[in-house]
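Each chain gets a letter, A, B, C and D, in the order it is written, and its residues are counted from 1.
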Amino acid sequence: MQPLTRHQIAWRAAQDLLEGSYVNLGLGLPVLVANYKPDDRDLMFHSENGIVGVGPLASENEEDPDFVDAGSQKITLSLGAALFDSTQAFAMIRGGHLDVTLLGGFEVSQTGDLANWDAKMTHKGQLVGGAMDLVTGAKNVRVTMQHTTKTGAPRLVERCSYPLTGVGTVDRIYTDLAVVDVTSDGFLVREMIAELSRDALQEKSGATLAFAKDCTTLDAPKL
Amino acid sequence: MQPLTRHQIAWRAAQDLLEGSYVNLGLGLPVLVANYKPDDRDLMFHSENGIVGVGPLASENEEDPDFVDAGSQKITLSLGAALFDSTQAFAMIRGGHLDVTLLGGFEVSQTGDLANWDAKMTHKGQLVGGAMDLVTGAKNVRVTMQHTTKTGAPRLVERCSYPLTGVGTVDRIYTDLAVVDVTSDGFLVREMIAELSRDALQEKSGATLAFAKDCTTLDAPKL
Amino acid sequence: MIDKRVDTLEAALDGFGDGASVLVNGFGGAGVPFALIKAIENSSATDLTLILNSARFVDGFAPRIFADRRVSKIICTAARSRGPDTANYEQQWLDGYLEIEMVPQGTFAERIRAGGAGIPAFFTPTGAGTELGDGKEVREYDGKHCVLEHAIIADFAIMRAARADRWGNVRFRGAQGNFGLAMAMAAGTTIVETDDPGDDPIPPEDIHIPGIYVDRVLKHEDMSPANAGGI
Amino acid sequence: MIDKRVDTLEAALDGFGDGASVLVNGFGGAGVPFALIKAIENSSATDLTLILNSARFVDGFAPRIFADRRVSKIICTAARSRGPDTANYEQQWLDGYLEIEMVPQGTFAERIRAGGAGIPAFFTPTGAGTELGDGKEVREYDGKHCVLEHAIIADFAIMRAARADRWGNVRFRGAQGNFGLAMAMAAGTTIVETDDPGDDPIPPEDIHIPGIYVDRVLKHEDMSPANAGGI
């Protein structure tokens, strides 16, 4: 199998969301995860602007400017949704009430540090949003990203080179090549795509990879 | 004029409440103040169990167990009332949003300390309630009490003998004999009843009283 | 399908036992989960910590909780019984058997909210310079002495509400809410008893406690004594 | 009679001037007080401090506020403009003219609430070990490093809501609320613009901001550009 597409990464991440869990999906790839929610799972999607129960994007005739998510997308609400203010939205995050946060990342270190907020652009302002709260507060922190940069540099690293978003909190990483857990002993590969050798995956990574005994093939349907 | 009755003290305290102000009335004498609100004043009464806009006590056929004030009395709501949770009720108090708090007191010191929560009963539990929050947080702290104890001991004192509720925050005291401000120079009598000499009032007080230049007669209608 | 409704008091209190800490909502009778309190009285759980505004209404409604010495600690703002007599729990406190931590009511609410919001500690001027501030770290902000207060969390929170839906969303009536939101936030397991666990969701803008904080919804008649506020 | 309604933008912004600090509600276009922002743009007030989630929507809708260098400081969670270009305010920041304090969004909301709730400072794990935690006091709670964060207060708060009554009670629609409650709590003067400042009071249990926090209610049409979320 080829490296996963963005949609396939999202599909894979969606498979791990348990029935009844409360999940925050970050901008970019993570929001795609909602599209691949398994049919048998009832999930509640949290948005840090004050929503639990974000539903599908609004169709053109459903669009309402008062109903937006944290990515400024026009959304609908799912059944059982609740609306509240930002202090509550973040009390949920920071108080450990969110089961899973799925975020994009530039780099994850072998000790679970995440760098995803400051790309050190020289001509643009900064943007932190809720990333530091999410990565620090959610019960389970999962990152979706390409395994390497466009120039082939690793994103799974010993120490992050970009400014940190949070320290030691990432639990799992979904890339186009592998599903990797961050354990107290460092990176542990749980799944990897078929056409890649362990050595080749290691070569694309900036820190030592261990491989789970039951390491399986990372596979996803055509999407 | 005789010493003021409890109801007359409440009446006098009510005269000082300005149009549109947000006021918390403590248990005991202070709650009587609502009865003597001048007709031309629109006031909003706050209750620390989560109400702004406490109205008159419920008549027997209006009583509803879900509508109670912080003194567990069955109440009605006034027009424009809001209901909210205790964290909000106290954010209002502690954040300085309450214009006036009126509390009962055992003692007030010449530096504005209040003792009103712990009577040092030897066979009973303690009760602090919201008194410490109110005395520390409200913009203006006013105390209603008898000028002396039943045995004639002063309640306006140099230093409180009972455990403190708050330090240096009392602005004004309404007693059966006088209206006394607490200033940076100590007690300043603003009004006193007619049949009492300044020396007699001083004798009933445990700290030096100053008398305002425009000190007037404390008077109240028969109630 | 998310459905937090449970059918029995037993299911509602699943996991409750010795050593449990419980946040109990209620103020002047409103929002008090009398059915769940009664169920706790009828359980054998001991070494309990009760965190509630006033000890009185529990003692009045479910006296065996105290009579059987099953409470080790109370964190509250009011521990004085009505009338001149000494209540069971007051006597246990005087005897040094029962620990009572007396907390100013605003600090009480805020410490519970802090527990639910991931704030381990905060400064507040309330209590500074009083016996209840004794031994606490003091810092001056804006010319005011402030004490450092710490978050409260607990194993369970229990409350009564006018309405709850299967997602755990809660709507209160009148003054039922009081400590309910903060307590729901600060508990490992939050249980709401209600007359109306309807099938229809509460409209999203009308919710007082978002269901994310609520674990179980129990349909149960109100067991409030008529004069609950005075218990 | 309590009536917080005002008739004009001038009356709504009475007292606003040089050196003012302003909390501006809004997230993705929802709850943004576009009419009040436009009025601030049309004023001559300078040396302003803006406290808001994202600088982008102000720059997009009222660019002269920045173009005329009338803002000295922004406290926000997002100061990046859309697209590859450098916006006016970004350039002023790069040039060292404009100060931008970047705050994690939860800390931002909580600091504002703290300002309104009389909490001068609190500890939080968010930001510990990152550049945004640099120089802050650190303490360990429960094995986690936490930084000490301080309250934010301001002279004014402005927001848009679906509805407000003459007592200043506010009800939001959808996601309008966002920072509104915290901002109303933390401001010296809170101003709400709404299409519907009706004569009827909002039902007490349906209120999202109690009127005690609100000073002025302005009836004004929504001036939101169609694509406000994308500004």
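Following the convention adopted for this analysis, contacts are C-beta pairs under 8 Å (C-beta built on N, C-alpha and C of every residue); 3 or more make two chains touch, one makes a residue touch a chain.
These numbers come from a predicted model, not from an experiment.
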item: Partner chains that chain A and chain D have in common; value: C
item: Of B-C and A-C, pair with higher C-beta contact tally; value: B-C
item: Distance between chain centroids, defined by C-alpha means - chain B, chain D (Å); value: 36
item: Between chain C and chain B, distance of the C-alpha-averaged centres to the nearest whole Å; value: 29
item: Centroid spacing, where centroids are CA-atom means, of chain C and chain D in whole angstrom; value: 34
item: Where chain C touches two or more other chains at once, by residue number; value: 110, 113, 117-119, 124-126, 172-174, 205, 208
item: Per-residue overlap in chain A, given as positions that touch at least 2 other chains; value: 83-84, 87, 90, 93-94, 137
item: Chains touching one another, given as label pairs in label order; value: A-C, A-D, B-C, B-D, C-D
item: Interfacial residue positions of chain A with respect to chain C in the complex; value: 20, 22, 42, 44, 46, 52-53, 77, 79-84, 87-88, 90-98, 137
item: In the complex, chain A residues that touch chain D; value: 47-51, 64-74, 83-87, 89-90, 93-94, 113, 118, 121, 123-133, 136-137, 163-167
item: Partner chain A, residues of chain C touching it in the complex; value: 1-2, 113, 115-119, 165-167, 169, 185-186, 201, 204-205, 207, 210-213
item: In the complex, chain C residues that touch chain B; value: 27-31, 54-55, 77-81, 86-87, 89-90, 93-94, 100, 102-107, 109-110, 113, 124-132, 145, 162, 172-182, 208, 224, 226, 228-230
item: Of chain C, residues touching chain D in the complex; value: 110, 114, 117-126, 139, 141-142, 144, 146, 171-174, 205-206, 208
